[in-house]
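Each of the two complexes below includes chain A, the first together with chain B, the second together with chain C.
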Partner chain A sequence: MATAVSGPRTGWRSMIPLLVWAVVLAILPWFLVHVLKSNVALGTNMVIFAMIALGFNLLYGHTGDLSFGHAAFVGFAGYIAAYMILNHGWTFWPVIIVSIIGAMLLAVLLARVIVPRSSGIYFSMLMLASAQVLNFIGERWNSVTGGDDGLQGVLRPTHVLPHSPLNLNNEFNFYVFCAVIAWVLTLLMWRIVNSPFGAVLHAIRENRQRAEFLGYNVVRYKINAFVLSALLPAVGGVLLGYYIGAVNPGEMNWTESGNIVMMTLLGGAPTFWGPIVGAFLFKFMQQYVSNFTQFWEGYIGIVFVGFVLFAPQGIWGLVEAGWRNLRARRAS
Partner chain B sequence: MIATIFDGLTRGMLYVLLALGLNIILGLMGVINFAHGSFFALGAYITFTLSTTIGLFPAIIVAALCMAILGMIMESVFIRRLYSRPPEHVLMFTFGAFLIFVQVIRKVWGDEPKPLSPTGWLAGSVNLGFSQYPTFRLLVVAVTIVVLVLVWLMLVRTNLGLTIRAGTRDSEMVSILGINMPMTFTVVFGLGSLLGGLAGGLEGPLYNIDPNMGAIYIITAFLVVIVGGIGSFWGAVVGGLIIGLLQELIVQLIPGGSSAEDIVPFAFMLLVLLIRPRGLFGTEGLFD
Partner chain C sequence: MSVIFRTEGLSKHFDSLKAVDGVDFAVEEGTIHAIIGPNGAGKTTFFNLLTGNFPPTSGKIFFRDEDITGLPPHVITRKGIGRSFQISNIFGGLSVFENVRVAVQATYGDFPGIIIRPKWLGEVEEKAHAIIERVGLTPFAHVQAATLSHGDEKRLEIGLVIAASPTLLLFDEPTAGMSLEESKQTMAMLQDLATRHTIVLIEHDMDLVMSLSHTITVLQNGRKIAEGSPAAIRVNPLVQQAYLGTAV
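Here is the complex of A and B:
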């Protein structure tokens, strides 16, 4: 974890990356359709997973705890949402609020049990085991979760905003809806990471012991970071349910948690924007490489292993380092 | 009832072999090896391929040796570079390796489950006095016991074992004393992979061979390690046997119990962690 996240900046300049991110979200559908000859739905998929990875990275990249179980929050929120929609006919806003609350409560429970008692790779293992329990419950509790088939027939809302017929069955409308949510949540994450709270998380990541000696209650900070890191995956899980039209237990499998880890590391875990870059690249490769070969996971695996070995700072880490070099050279 | 207990023991024996391989690597090097699940699956597939030409039992042995070589190559070429990094990097590397191996298996052998059944002198059953019992399951028990005795003797009677036991406590200190730790790491990684491949070869004729078998078994092996205690020989043995027994008892004796098959190991792990957080035989402790 050599490079730090760009520190807090003040004034209007601190908003530049977020404005660039808004522009990227705005032109992504056009780029996908006209340049890559793909479709808007891929963009929605990319944005949803960018959210999930961004939330996950609050815990890994910013605090230093590698969770191998964050797919649990994606799936758990997705199941709550699908259950409420299918059995009680709830509309979008109550569904998403209740799903978020449910996933955060799960996060509080897991954090309070696991965080004070473990760290390092044992933390990773206990998270993996916890998520796997949910996966098995999803597979077996047929009456509630639908078993292996999951819950199917989740319909997208047709009037998501009051007094406005925003029909999310239109792929473009759904993309815009997800993109706006993603941007707002990115803003939230940006504020968290650049707040004093975020600075303490970075201190814990760099040197846990020193942060402790400075008087910070490291465990409490880690628990808070853990719970906050479940927020974006929960929102992503609900949107993913609408996107696919179903939830299934495979969403909570440990290999899905591994995919979130892969996206984040590929993009650049020690940076703020890395997870978004990684999720975009991962979903793009998933779509394109799978056109050529059904073994696409193997090729992504090779790229991933290469990054772990030779460039653990990820793509965005390399970009930021290059950018710093350029500026240093210009200054001298 | 007795037959069920025997079934549970044979299943448990597979967990013991798999988890012991994982555990000695974890204990000595602090590496959680996801690719261990791949070695397990590859062991089964190589056994499947070789069994038609050289017979089932020699195929199992050859497959296990192949996995030992593969593990040593993986450690000495790749994983060695990562010891100086944060421990999560090795974890992520082995996860990537696991994904690659699963796709390699799919490419070479296809998605369809492969049938592998005991042939020749391993096909029949033996009269144990109380009931007829399949010969191959007895072979699994016998092979596991022999291997466990050999590993135990290696650990307590040889210089290598002394190095491993000392290195599990403090590998830096051992290397300061002049022991060639990189060499030891490679050998132990090979030994662990051998046990994983052996478990795979023995599993094939008992249950199923499919590309996802590694993903399922590796999780159970993690649970056995957590239950038994990190780096503990007897922890892996006792933990594996208990979990295998519990699973077979619940599946075979309780109506509808098969739906709880996957949950049982987790429930048991929770129980153990609540009572004894370091695991049954853990000394250093999971949570330190």
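Here is the complex of A and C:
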């Protein structure tokens, strides 16, 4: 990957993109409802998948390891949440905390087994296989996972904060809740990517051997990046369970992992904002194109192939390149 | 002068091929020690053994009398041994400044602040700028490293190696592919580095080797065939035979 997205960025200017992101999140429901004549639920779906893709990209775009199994963390966290809600009546906060811990433990286990032993295509395939094992367990362990039907009837909490009027059964309230979580987690990822730790990840992505010969324990860095990259998909998995009202084994299927990869590449893997842009476009096309044709996946595929062939840096990569050219022209 | 680095009977066999075969080698602190030999002599394999790229078949490696045989590269680097490669080994997609900054940062311990900005970051950036100036790349500080000329890439790599403040520097053909002018600049840089570091270098440019080195070790077919001062090596019949096929 050619474009550098490295280095600690500091000062108030570094906050501008995050403020723009907050504005986008704030006006998205209005834009969807009044301009595109769609609904708020689509916005919620877009925001949840933006979060999932952003987390996935810490490992792919920033560290250079392509996982074809990150949907496992989405589904695993979703199942823990749904199981606790349906069988033990747990409320939102204990559910989300335990689900995140569960998914992170799964990430630690997979990272310690897979990362030191594989790289490149072997890493990708081992991740795919691991997610498929979980998918299989989800389909067959009927007493716990509900088999093919999954766990149905996950109700959204009426109150997530004490004395708060934020009833999440209201579609707009649920959107606001997801948007706030997405913004906070974006801030977290922004800090990670632009920290000295993030700079080392970028160095590893560019040249693993040189990073090692500077004295960095590359395997440990990759394990840490792997585990951190599961955080946002785990949160996304829990929110997705509430959003749909159910969890099913298909969420851990390799096709879902493929969709996350596709969103990220579409938006621009070497950039920070690319996965968010890609997830938005993907989910929008999924809903819009499917209104006109049952072959909507084929159209998304054509767009995807077009970007891979003619603009591998993705949509946001094109925007950044255009911005750089504009500044260079102004400077000269 | 004391011996800072040595090997005892170091060997690396790939099936029946003896790439390095029972080499005893010692480097004195504060000197420039060159390793020469015809193509396929085992020089780069020898370097790879010293820096932990792969473990030796037999033999031992000592740095400051500590046995470092079989340690992984990142541990060996942290003990104070830096290395450059035959083909420039830099972070192509990062800027020159980002390259050097991440190299300097390595001396500030493992897993630096993930979320909170560490206090030493300003110091790291100052050091990075100083190293960029030292290797003559200040005008290119914010240029993507992959777009540098070959000579500048090599200089950047030297910058990365010295950023970690190593005691011992291993350079594998530092002037390979350079123009005459670039070679002269690199030679001057190596002389400057030799005032603060011990240097071991593999080099094919005999003028450079003879004018810079205090000691020369000659390898052929994985074995050490001669060792001594440049003057002694120049007239050694075994060395002449290795290079020319016959003694002069």
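In the analysis below, the second predicted complex is superposed on the first by the 330 of 332 C-alpha atoms of A that agree within 3 Å, B and C clash if a C-alpha of one lies under 4 Å from a C-alpha of the other, contacts with A are read in each partner's own complex, and residues count from 1 in each chain.
Methods note: a contact is a pair of C-beta atoms (placed from the backbone, for glycine too) under 8 Å apart; a residue touches a chain by one contact, two chains touch by 3 or more.
Since the structure is predicted, the reported quantities are computational estimates derived from the model, not experimental observations.
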item	value
Touched partner set for A:V133, first chain B, second chain C, both or neither	first
First, second, both or neither for A:Q152, with chain B first and chain C second	neither
Contacts of A:R117 with chain B and chain C, given as first, second, both or neither	first
Which of chain B and chain C A:A203 touches, first, second, both or neither	second
Which superposed partner A:L214 touches (first chain B, second chain C, both, neither)	second
Which superposed partner A:N224 touches (first chain B, second chain C, both, neither)	second
Touching partner for A:L309 - first (chain B), second (chain C), both, neither	first
Common interface positions of chain A, toward chain B and toward chain C	1
Chain C to chain A touching residues, read off their complex	51, 72-74, 77-78, 82-83, 89-95, 98, 101-103, 105-108, 110-115, 117-118, 121, 124, 144, 146, 160, 163-164
Chain C-touching residues of chain A, taken from the complex the two chains share	1-4, 6-8, 10, 188, 191-192, 195-200, 202-203, 205-207, 209-218, 220-221, 224, 270
Contacting residues of chain A [partner chain B, same complex]	1, 60, 66, 68, 117-118, 120-122, 124-126, 128-129, 132-133, 136-137, 139-140, 253-255, 258, 261-262, 265, 294-295, 297-298, 300-302, 304-305, 308-309, 312
Residue ranges of chain B touching chain A (in the complex, touch as defined)	30, 32, 78, 81-82, 85-89, 91-93, 95-97, 99-100, 102-104, 106-107, 215, 219, 222-223, 226, 230, 259-260, 262-263, 266, 269, 277, 286-287
